[in-house]
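The structure appears right after this line, and notes come after that.
When the chains are written out, they are named A, B and C in that same order, and each has its own residue count from 1.
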Amino acid sequence: MLELRNVTTAYDQIVALKAVSLEVKASEVTCLLGANGAGKSTLINTISGLLKPKSGELSFEGRAITGMRASRIAGLGIVQVPEGRGIFQQMTVHENLLMGAHLRKDSAGVQRDVERHFERFPRLAERRNQKAGVMSGGEQQMLAIARALMAQPRLLLLDEPSMGLAPLMVEDVFRAVREIAAEDVTILLVEQNARLALEISDRAYVLQNGEIALSGSARELMESDTIKDAYLGAA
Amino acid sequence: MMYNIRLTILIPIGYGREDKGNLWPALDTLARDCPERHAKPRVFPAEWRSSAGRRKTREEFLMFTKLAGAPARLGRNVIGLSVAGLIAAASGPAAAQEASSTIETADLGAVYALTGPVAIYSTTIQNALKMALEDVNGMDGPKLDIALEDDRSNKNDAINVYQKFIQRDQKLLIFGPLIGSQTFAAAPLAQRAGVPVMLTSVATPGVTDIGDYIFRTSVESATIIPSTVEAAVDKLGIETVAQIYTNDDQFSIGEYEAFDGALTENGVEILGVETIRTGDVDFSAQLTKIKSLDPDAIVISSQGEESVGLMTQARELGIDAVFLGGNAFNSSGVLKDAGEAMENAMSATPWFASQENEANLEFVKRYREMFDADPDWLAAQTYDAVMIVKQAVDAAGITPDDGVADARTKLRDALAAIETYDGVLGKIEFTDNGDPVVPGAVLQVKNGKHELVE
Amino acid sequence: MIAQQIINALSQGAYYALFASGLTLIFGVLDILNLAHGAIFMWGALMSWFLMAEMGMGFFPALAISVVACGVIGILLDRAAFKPLRDRAAGHLPPLVSSLAVSFILVNLAERFFGTRVVRFPSDAVPFSGTLELGDVRLPMLQVALMCVSVVLMFALWYMVERTKVGRSIRALQENPDVARLMGVDVERTIAWMFVVASALAGVAGVFLGVAYNSASPYMGHWIDLKGFAVIILGGMGSIPGAVLGGLLIAFAETATVVYLSSDYRDAAAFVVLMAMLLIKPSGLLGSSREVRA
């Protein structure tokens, strides 16, 4: 579904991604592991079009998306839940959901989906007309995911959804991700919590210093000694 | 005789940037004024620094100039003077040349606001310059050439044009600029460089105090404003007034102060004083306050645009007091724009179109023929100014061999020697300071027209 | 007399609000002071004068054409002064300087096209002539019209920003431009739209002010620029209700200074209020203390 071939991205002179090749298969959950500063968010933002690659090619469903504007990539169905959630704090919860549906033209469908997401996340329904900024981190993460779903994504990019959340909330978030995956949405998940990520993933890549260090099925990587030592803790 | 003079010019720190700026043109002059056959100075400028304090620096500089045998005077123009002294020393032999006949053309400069906020006043001035030049150049004696440049109504451009006229273009005299604030900024440059200035529109007090190179044909408001107040008391029976003036414009402040003195002298009670700023358009707060004072008259000391706004808005607020004003009230543009609001308004003018002296009758007739429009007092002042300068050029006897500095001095002296002049304005008498005193008259607006108050 | 002064302050405040709302809209999203806002305001006034006095148009067609033209100038302004710098992520100072450059160009062009003098509007072209008299209070109908127009436009602007999709996009850009992009917001189109709206508002203010005080010149934008900045800082940068409140507050402060102190301090009054505000609440009356983005 999504394919990256030899993608290199740099900030000014500093190369953050070096010739990364990667594939996300339809209806699968693919996860991207790596330490802080390994280039995970750079990769996600390159896919979304917020960053332009220096070289290499990206294609989505057979169509080249290299260098395309972020708003157009969003229009193709690649929707990101950004790191740190990126909800619009000054807007109400309801308005945040509507922002997710920015490119949709079917207002009746949008209305229906809003109600659907309020059913799925009852905490959000309670706060429908409150400023999103006053909610807790976990609630904001739920809102960020719901907002992305409002766009009817074909590929959902999740950047560190567990970051800064209490353990209980992390579980809630991953439960939600699992549910979404079950609804046949393709997911690319970036996570530091390797164990949780691998548990719900089909396929995994490990990014190290901007390069793909390891890849394979989630099951294979779970067994790999490197992963065990580096990311799962020497338990 | 062959001199080989080697000069080292030292620039003391702390005398201001403009002094340094003046040095280079002075050196150019030095090189030009010393023809090859007599002397060719070689100039080695050097920055002269002293680690000691400022007082010490001055003493050291004095000592240096003494050693160099050049005259020096402490003050802002210390450089100009010492260099001028060196020039005199270096070009001594050149002065011994035989005298020759007078120059054919005197190169003069003029700087006025051709664009910008006060450009409203410059149209008639330009016309008058054109007409006067035509007349002057039909006469015997040296011709006048006047290069006209725009200062876009601001001080900095006026300074730039002045510097260009003084240094690069070597003009013998400068006409303008248009208004007082520009003059206070630019004219000191000419005074310092020894270039005569002829002002034809500046009615602000104090401009001729800049120095003995500053002359004008423009009449200071203060000298004619008392007649406005007298007429208002006599003819209109004014007993109380409120004053309003532009407090960031030197010209308007001058008029305000002149009114203030004249009102007090004539026993008129001043109920209140309000201020506005140049460029303001809303005067409702000040005028509402004045309305509550219910004065017989409102005295306006402002430039034209603000005067129009004040009068029309006062009427909108239901104020029916009569207006007394300064120079701006004499402008035909103000009269037209203010319309009915200005009815009965009074102002004094140094000149009016129906003045019956012969020079004026001829002037008004020719002006109307040439430009298909009416002249105003600025045109009259400018026309007389060019005529006076022509008279001075004739009298100065400047020869082609005179250096530019000498020519400028001769012209200044000739101008200073003119004590009276009978021209368009009538009989002008110049004070020792170079300010004109004219008969003048008081005008009142009747049915939308200026009429003479007898 | 107090009643008259309150009316004076209200109508002055209406101009300030109308002018400053566009300024604050642009500041809110782009974090830059648009120094060409006053020049566009001036173009609105002079263009409407040209259409009425030279082309013989009526007030309303002239108003409509001038306001639309101001909107177009707004887009051109963005394309010329801001977009190239935005593409290069040039920071805050370069756009400030380039908008200043555009304002000079606009003033110079106006000098060429309309001349440098203060122009007067033909009295027959202006509707709402006459004065409303309520006891001792005089209220020119034009001022009444302007106050009504201001209220309607401020409400329309508020509605647009708070209740429409375009407004939501503008607010999204204001808060987090990257996430707005991820949601599919076309940044350039939204910014262009914003410049149209802001500049059209400046145009409306220009036309009404020109007609009401029967005076327009290429230099009329200078003083209102400064007042506009004071208004939006006082009201809270980026806040439209803040611009309205700030405009009224400054107008009242100025009038009160004339009434109770002296007109000498009229201009200082606005800035004294402003400085007091900055000491008490630096984010302004209705400004949210926005997080500093890296």
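Here are a few things to note about the model shown:
The criterion applied here is as follows: contacts are C-beta pairs under 8 Å (C-beta built on N, C-alpha and C of every residue); 3 or more make two chains touch, one makes a residue touch a chain.
Since the model is a prediction, treat every value here as computed from it, not as a measurement.
In this view the innermost chain, defined by its CA centroid being closest to the centroid of all protein CA atoms, is C. Set against the Cα centre of chain B, the chain with the most distant centre is A. In whole angstrom, the spacing between the mean C-alpha positions of chain B and chain C is 39.
Centre-to-centre spacing of chain A and chain B amounts to 74 Å, using the average Cα coordinate of each chain. Of all residues in chain A, none touches 2 or more other chains.
Put simply, chain B touches chain C in their complex at residues 115-117, 119-120, 153, 247, 274-277, 279-282, 284-286, 288-289, 291-292, 305, 308-309, 312-313, 316-318, 337.
Interface of chain C with chain A (complex): residues 165, 168-169, 171-172, 174-176, 178-187, 288. Residues 1, 4-5, 8-9, 11-12, 111, 116-118, 120, 131, 133, 138, 140, 209, 213-215, 217, 219-220, 222-223, 254-255, 258-259, 262-264, 266-267 of chain C touch chain B in their complex.
Within the complex formed with chain C, the residues of chain A that make contact are 48-50, 69-71, 74-75, 79-80, 82, 86-91, 95, 98-100, 102-103, 147, 151.
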